[in-house]
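Each structure below appears as structure tokens.
Look for subunit A in each of the two complexes below; its partner is subunit B in the first and subunit C in the second.
Up next is the complex of A and B:
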């Protein structure tokens, strides 16, 4: 049994907007084992960045209304600011999305890297700390050595030169490497990579992803990749969580997901991707629901080609279709939806009668529906 | 595979003799001067497009692919004279666009249009959809107010937008819907040639597939010729008839889409193809083995001598730095600018 490093349980995040309360994350559950690389895949606006920012504790304007984020057996949401800060960048590190804007343009790469090493875990610097540091400059040489070593690790060919460069002097690929170096400086156990490589050209992206893969393998770091690109997710991760409109709609090991995609959204997404051998599908009609007024039951029902009346009335709780394949869709049956159902009952959400109370009918009916979905 | 040492000019000459070419570009160049110092002294130039020749048959799609900084967007804009070319000629439907006077050019613009990359910044946020699509119709004196409204309705139908969206502002539309407005505006006057400058790269894949579908339908119905500019090779595989691979302002490989994808003849095309991320096993087998390139695309102000790609090429040898290779022809118009196809240097035929 692999050891669970991170577990997000029933996470709900809301934002207050002028148009009302936006329920952006609506009950997200997923797990990450130690040493595993998983991906959170979804299109623009599906809430994947909000999910990881909740894990990092980087969402000042948001209201986390329910849920638990359990990291190494401890609920991060119950920790104090100081305790969370001590973990941020140390235990849990993040590679931000855009290499062009994530580095401070007025500090050299070296200054940004030594700052991480020097001040890690310190929440507030007093002015005296800072002056003392400026006066003594005692161990800067050590930091410098460590930073240059890290730059060399990310395969930057002239680490000394890059160390004293400003971000504008570097190309996109180099900046992405610097960001990776900064994220790995404190040897985190858990790394979140938010769209690494998306802003880069394909040849550079492929190289950066390969490099990241090697680095985390060497360090036995667990990685959660955030990406909109199923092709990238297929290459880098062992397990995929597909997200749509603030909910995880399908979870499966990578190979299983691509061999046997189940949720109509996953299938629509896969068919939309232009391929070399089998053409390009028709895409998915419609667009994301309004988060301030989301559909009551299945959030994908309005765009789903297989939707039935039930889909807009009854919440499609996640159900297991095989050992490690979970899908939130009425087209599929499963016996293990119990836990999730209990959680929803606690919150007084009307989700209809659970499947295990439906009698013998349940054994046959959903199979028929599932077949109908598959053959269309 | 016949290896003839003919130059790109000779090849395009041959192609020119066919009469069904809608677009004929000959030695097109666009150089941007660079300045330095307090007195803004002219320091040199960036050769963004440096002698590109290509032809596109009527109703066909030519895919132009390359990484950022390869000059593909400048190429599209210069072909439409949205930036003035430094040299070369662009014939669209037999008319040399470069020779046109300002007034003539304005008239001629109804034949050639562009769909921009970013649907948000290419639509005026203070204008309603109706005003946006009506602009080209008004400029070219299309009918009276009622006829224009009819035409706008027809265009909205064409791009699958509800007619009542006419009275919305771009801010009320999603990215995909905005791009549909951009397409409706571009095809409003029944142009013969449309440049699609990364029309889907700002959109999600599920939306991209819808937009591509609309573009293909419009092309089929009205016989429009497309120049499809993108960095996404898998997308081009599905939309283009012929493709050209651009690197630092030069075409390095041109050929039928089938032929280029099944047998890329330039090391750069091969590396690009090998870097595609795939979603199924068939694709994985269809692409060449992963090839890592050294470094990134060089600064266009400091192009390497000889073959511009040699600084990153895994096969580069001495001859590559002396003189730029010419286009070598393989079969049915598939050409590649690489010495590996020159009998003098070809030692390893299975590179």
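Up next is the complex of A and C:
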């Protein structure tokens, strides 16, 4: 049994807005094992970033009304600010989404990297050691050496030059590498990667993701990827949590999820991936619900092609359809749940392969929405 | 970011270029763009002259002893001549020498007043802007109260209460001046703190103090620098105004304002006594304004 590193249980996050209380996160549960890479997938605005920021403790103005975030057996939400602060960067680190805006424009890359080492190093020093260190300037040289080493590790060809460059002097791909280097500098046990590479072009993104994959494997770091791209999630993660409107709707190992997508939302996402053979997919009709006035039961009911009257009356609690596959949907419920499940499985959609891998493996072009309507 | 636009035009250096060389080129480029503005060069030369004069006043001044309370009735109230380039005052002191020594006091006052005002104002502005909420409201309302009172008036009130001396004048002007920096900094911080690199630094374990002073402060320095340069002239002006009113350094200290005050009764007869210190004030204020304007264009920032 692998050791659980992080477990989020029944997380509820609210924001007070002028239009009323927005229930942005409504009971999120997921787990991450030590050394595992998992992905949190969902469309923009579904609460992925709010979830990870609750884990980091970087959510000013939000109200965490219920839930537990258990990291290494300890509930992070019960810790004091200082204790949480001590974990940020060293235990839990984060790669920000946009390499163009996540580096301070007026400080050199080197200053930003050594700063991280400094403020984490100084925390452990006693006052006499600290003064000695300031006088000898020994650690300044050490920090520089470590930062340059780290830059070389992220495959930057001229680490010395990048070390003394300002962010504006670097390309997007380089900056993303620098962000990765900074996040890994303090060797965290747990890394949150918030849509790494999304701001880059597809080829660079692929390279950066490959690199990140290698680096975390070498260091045995657990990673939670945040992405809206199932293709990316498939490449980088072992387990996928699909999120919709502040709820986890489906959880399964990557291969299982792609072979056997169950929740209508997951299926919609899979269809939305453009492939060379079928062009841009149909996508999912409609928009995310208003968080200040969400649907009473299933939050996806309004957009769901399989919606039944029950869906807007009864909350679809998560149910297991196999050992490691969980789905929150009424379709997998009741007497004929098995038949419906089989019907959905038969329509197995072609999601193609990620754009950088060239053509799709399968030339068939299934039309799930139309078939799904019949199978109801 | 002004610096960003400046640099993004430049070619990425080849790997053989060391970063130091590249940085040096960048500084040179910024300096060149500053030099393209004729007025700012003129301003720079004016202020360099002034600094030179102030620094070497005892050596340049033809009659260094006249900085004090010298009395030479034998050469009182003489018009400008080769011997006394700006003439002499009613007690026979050489006005040129006194103007040179006055430059020392004026520059010193500008630097000290602005150092105090900027330290207080920028710190309060950073804290108010970064922390926000109630702290912000309290600090900014106090700032607003100070902004509502004209600096000269407030400084006069403070000096009247604490007694006239050069030190009190400097404290009084700084006391009425910090609010401008608090307001300017707070506004800048409000926009900077929403930037992603601030959140990024928090995610990497920086506490609020480090984030404010290491990450936010360097980003708000350019408007502060520009405003400080422009303000140097105004501070000198206010200081001169206060010493004209007799609230500054006491005679015989050669401040420009006091010299004008002394000469104002004789403007019709011995015009040079008041006019030359007045020209010195104009010279200094104009110089700093030219530099400030040039810097503002070079940094491309909004002040106020």
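Keep in mind that, in the parts below, the second predicted complex is superposed on the first by the 309 of 376 C-alpha atoms of A that agree within 3 Å, B and C clash if a C-alpha of one lies under 4 Å from a C-alpha of the other, contacts with A are read in each partner's own complex, and residues count from 1 in each chain.
Note that a contact is a pair of C-beta atoms (placed from the backbone, for glycine too) under 8 Å apart; a residue touches a chain by one contact, two chains touch by 3 or more.
Nothing here was measured: the structure is a model prediction, and the numbers come from that model.
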If you stack the two complexes on chain A, which partner ends up touching A:219: first (subunit B), second (subunit C), both, or neither?
-> neither
Contacts of A:93 with subunit B and subunit C, given as first, second, both or neither | second
Regarding the shared-chain residue A:166, is it in contact with subunit B (first), subunit C (second), both, or neither?
-> second
For A:34, is the partner it touches subunit B (first), subunit C (second), both, or none of the two (neither)?
-> neither
Kindly classify A:310 by the partners it touches after superposition: subunit B alone (first), subunit C alone (second), both, or neither?
-> neither
Who does A:230 touch here: subunit B (first), subunit C (second), both, or neither?
-> first
For subunit A, what residues appear in both contact lists, the one with subunit B and the one with subunit C?
-> 171
Which positions of subunit B touch subunit A when the two form their complex?
-> 67-68, 174-177, 204-213, 231-235, 237-238, 261, 271-272, 274-280, 282-283, 286-287, 290, 292-293, 296-297
Contacting residues of subunit A [partner subunit B, same complex] | 43-44, 171-174, 201-207, 210, 228-232, 234-235, 258, 268-285, 287
So, in the complex, the side of subunit A touching subunit C is made of residues 56, 58, 85-86, 88-90, 93-94, 96-98, 101-107, 115-116, 119-120, 157-158, 160-161, 163-166, 168-169, 171, 179, 182-183, 186
Of subunit C, residues touching subunit A in the complex = 1, 3-4, 7-8, 10, 12-13, 15, 17-20, 22-23, 195-197, 199-207, 210, 214-215, 218-219, 221
